[in-house]
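One structure is given here, and the rest of the page talks about it.
Order of writing sets the chain letters: A, B, C and D. Residues in each chain are counted from 1.
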Amino acid sequence: MIRHFFETKIYYKDVDKMGITYYSRYLEFFEQARTELFSSIGLKVSNIEDLGIYLPVITCYCDYKISTKFEDKIIIQSEISKIPKARLKIDYSLKKKNSKKVSVSGYTIHAFMKENGKSTRAPNSILKILKNNLTE
Amino acid sequence: MIRHFFETKIYYKDVDKMGITYYSRYLEFFEQARTELFSSIGLKVSNIEDLGIYLPVITCYCDYKISTKFEDKIIIQSEISKIPKARLKIDYSLKKKNSKKVSVSGYTIHAFMKENGKSTRAPNSILKILKNNLTE
Amino acid sequence: MIRHFFETKIYYKDVDKMGITYYSRYLEFFEQARTELFSSIGLKVSNIEDLGIYLPVITCYCDYKISTKFEDKIIIQSEISKIPKARLKIDYSLKKKNSKKVSVSGYTIHAFMKENGKSTRAPNSILKILKNNLTE
Amino acid sequence: MIRHFFETKIYYKDVDKMGITYYSRYLEFFEQARTELFSSIGLKVSNIEDLGIYLPVITCYCDYKISTKFEDKIIIQSEISKIPKARLKIDYSLKKKNSKKVSVSGYTIHAFMKENGKSTRAPNSILKILKNNLTE
């Protein structure tokens, strides 16, 4: 299991007229969380892209359980639990800081794509790093 | 079945460094589409909210099949196919204009919520309009 | 003078917890408006970029006079009044539909940039179209 | 002078098809920066709003000098240099971490607004805190 915790905060830009975080904003938080997860195991997304490999989202799912509000501190746990073949799944669980209850949970599934837009298999250099970190 | 078609366009604001629409932006397009779907059957969301009823998203799902690009015209079909009890499900299917292939499909599930944040059942005034339009 | 009117609508995604449109969203509306202004004189931004010419914003200014709200229909007037040399200025004036009062006014100034990030002069092919339309 | 430094990072959500941060995103960074500036002197924006006082932006200005890119770490300096009467001006200066050159500079001017949308003078409780911190 590769697991990472990313902390951020809800700002005005995120909050809608109900006074709660607008639903699409969580996908941005998920993106920040997975970028930092990759970074934490030495896989900077910029570097992956320098190899001509992109990781577009092909599926995303989100369950909104408890709303978050302006100036709430939040922590997003992101997790990879399986070696990807053609598809990489990342799970997310977002909580308010100092809360044990999950506010929002979800996942994204990513393809590996070449610069020309064609899908490809995960490059060995990436697989190796994922494997090493999964079995630790 | 209540069905509506909403047309919009991909702008610079929507497109990421891969040159394709960023994944959370589709949730904004879905929101625009459902707002117009409601409006088309005489249920302006503003008016629903004036009754003290809100429709927060509690689940969303999205499948990204074909990417869309800057200045693509897109059409989002939104659909309600069942009378809601506590939950209202809306399905979306997004295509490039003049294309028969689905670019992005997905759904959102909404709760009915009172101003105090408590969930409630769908008000009769809203149910009646949905029923009338579903059976047409 | 090249002048164009672009109509759109305020959606939930745009509105903050004060119930008014969040201030950065107007820059997105301005971008939509200028993309359509260019398109209206036969200068699709996609086509300009296919020539290897980009138009990054180097300055922007915005005056917020009257707030706009959820489901307000808005019209953005965009205007080019001078032949650009190194810099292209576009003025914006945003009103609620059926209102004579300006809600938001502002401008953006754009550089002409080559793919390598270096600034360049406006290409003749673009200047010619702008000139023809300015003197009409 | 009240001065604060806020650090954040450029993510995929922020970057456009030129590979640089989209121009409206800097207004979100400015908002984050000023929220933290207020917080740093004991003026949580949530608490100001609990008093029924809002701080809508009435003018904003932005100069884009050096573009920022995906995974750039950035630092936003925000500054208040004068006691507000009816208007509060905040200046921003954004640099890449470890760079001395300003990437983006700008300012926002804010009104003090009551819940009913009417403008008001800055409340004494807020003025006092600003004064104390300005003269330090």
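Just so we're on the same page, a residue touches a chain if its C-beta (ideal position, glycine included) is under 8 Å from a C-beta of that chain, and two chains touch if they have at least 3 such contacts.
These numbers were taken from a predicted model, which means no experiment stands behind them.
Of the two chain pairs examined here, A-B and B-D, it is A-B that is joined by more C-beta pairs in contact.
With respect to chain A, maximal separation of chain centres occurs for C (centres as means of Cα atoms).
Inter-chain centre distance (chain B to chain C, centres taken as mean C-alpha positions): 28 Å. In whole angstrom, the spacing between the mean C-alpha positions of chain B and chain D is 33. Inter-chain spacing, taken between the CA centroids of chain A and chain B, is 24 Å. Under the contact definition stated at the top, the residues of chain A that touch 2 or more other chains are 12-13, 24, 28, 31, 70. Contact residues on chain B toward chain D in their complex (touch as defined above): 12-13, 15-17, 19, 22, 24, 70. Interface residues of chain A facing chain D in the complex, by the touch rule stated above, are 9, 11-13, 28, 31-32, 35, 44-46, 70-71.
Residues 18, 20, 23-25, 27-28, 31, 54, 56-65, 67, 108, 117 of chain B are the ones that touch chain A when the two sit in their complex.
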